[in-house]
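Would you mind keeping the following structure in view while I ask a few things?
Labels for the chains are A, B and C, by order of writing; each one numbers its residues from 1.
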């Protein structure tokens, strides 16, 4: 299912510019959406799900124009959405909650609905706790219920906002694998600020910064942006005030720093092979510089 | 027609408070009525008044407050707003559950009153069938008001204040409200607190129409999901 | 700053920003104004316009507004304590090195103060209007006195009920019951055969203080030959002061119970 976002802007209460002139095309497969907190990711997700309307621009999903009520309804019928803050009904069990959401998604056939709920409870690994009330669930378990409800109607478009928050490492790996499998025959939009989730799942990504689209391309290309800008430095003194420290590990009484900087931060700093996270940091640095130059 | 399972879920979403409140109101006044009937000889008028008040005062208040609590308390509202079932349809289902339950209690009470003869011991009571407007008109009016106030404010507290304030005002200001025709037509308690005789039917029909109008206005307001997203959930 | 003061200050500032507080006062006041205009010469505004006594003006002009206050206070304050638990803030605050009771009292005082502000503005506004119109500075003092003696104790009592009630039942049910309580303990006619707190020392329309200290003719005091008459002594200054003491004592006791229940639930 193709997503076409054309010059979309959204401002809240007349002053908070959440999105500015964003254009993005997703032909299919899985796209990672990265960005700092407040970059506009959730606003974009909400626009795509029809929760809010853009102030300007156009969004088309499949053949459906999101500016019309019919278009939004058509998309919601084939949509699976996991919000960043998923609220649940604490008095319901997981099974009851999924049953309720399934009904609201139009799965009226009782037998099919029960079977589908059972399958998904197994898939996300909470079948054993399915008949416990949600108020007793941990954050990670609730997240898994959220993933399950998003898949109830076998959606053509899956939008997941911070899906792995609260999940333990094994669960995260499991979820990433699941997402990749799901992306084989549907469009998946994965919004996160955890770079590793994108690195392990996506080949294509987009990066938002302060409401603008600052990168659209492959994971490889973004990683390559940091080529020649990643340094490893071991020091017991102050870290040089150059670039951004992306990691700091104890090392033989000193600290090994991993720094992203356009120039060598210290004479004894050694170059290192970039990762996607380094590429993201390099991009963010460049974006800040560009933004500062623009306002100056 | 949506499956019964969905209605069962909405009964649960309406909350056991919405189901308990009219019962508590009913039991409270019934206890008062029975107490009066047991303790005092000349209680038949007081007891009949108490039972009619249950229908015209207590149950509509419970319905109105139930409606006032439908918007702004849903923890899963963001998810609900992205589902193909329109959230306002969900709200309307919950309103029907709340108001429907009040109607069940009202009809049961009315049936008891008619069967036991208490219905006609209140001098201003109307024939049993038309007399169901005693509770139906203010119930629909206050439910519509609660829904509209909730849709406008997104706050159960504000919507509850609106319903309770109107209820209290109409209870307390019976004198001034009877002096003008327009205010008589909007008087919620015409059966138990009094009105001009020939105005009763017009009054009930006006309240019904007002209830339908306010419910429709609430329905229209709930079309825009972004209104509900920005409100703080209680 | 102590935990009590900090909590009270935060609660006050947060609540004053919410429209609910202002609507809770503005709407009954607006409806009262409507009533004043709708009424005829003997019940409406016209009667009050002939008034020259500032004391009578304050008590009578606001005579229909005051009885609604316990109800609106209760509805507005209903979710204040349970909200912390629902938002998950309670656990965070419980691990801070502050006294839980101090926080509870601070929250209570802050919430009551916030609810009192718009009401105080109404009372003082009406008093100031009379003061200017009739050139009687005493009106302002009567406004302050009525607010302090009649409104504040009511606010404190319903505030404490609002801290206890929603811990025992769902908030929507509590909101309905507070209206029922207002009905039963305030505006029911004393002469009716049903036992009620109307016209007693515990009346939510403050009949004894209003009748004795402010000479309100609408206050119902004294034995009525009905149930609970032991709470309807002769209207004396002592009885009025006893009524105030009982209301405030009840408020304190209910708040203590709310605190104990809250502590128990948190553990």
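Please note the rule applied: a residue touches a chain if its C-beta (ideal position, glycine included) is under 8 Å from a C-beta of that chain, and two chains touch if they have at least 3 such contacts.
These numbers were taken from a predicted model, which means no experiment stands behind them.
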Both-way neighbours, i.e. chains that touch subunit C and touch subunit B: none
Innermost chain by mean C-alpha position: B
Chain pair with the most C-beta contacts: B-C
Most distant chain from subunit A, judged by the mean position of its C-alpha atoms: C
Distance from the mean Cα position of subunit C to that of subunit B, given in whole angstrom: 26
Whole-Å gap between the CA centroids of subunit A and subunit B: 45
Where subunit A and subunit C are represented by their mean Cα positions, the distance between them in whole Å: 50
Residues of subunit C that touch subunit B when the two form their complex: 19-20, 23-24, 27-28, 31-32, 34-35, 38-40, 43-44, 64, 67-68, 71-72, 75-76, 78-79, 83, 86, 169-173, 175-177, 179-180, 182-183, 187, 192-195
Subunit A-touching residues of subunit B, taken from the complex the two chains share: 2-3, 5-6, 9, 12-13, 74-85, 90, 225-226, 229, 233
Interfacial residue positions of subunit A with respect to subunit B in the complex: 46, 49-53, 73, 76-77, 79, 81, 83, 85-92, 96, 99-101, 103-106, 108, 110, 149
List of subunit B residues in touch with subunit C within their complex: 15-18, 20-21, 24-25, 28, 32, 35-36, 39-40, 43, 46, 50, 58, 61-62, 65-66, 68-69, 153, 155-158, 160-162, 164-169, 171-173, 175-177, 179-180, 183, 234
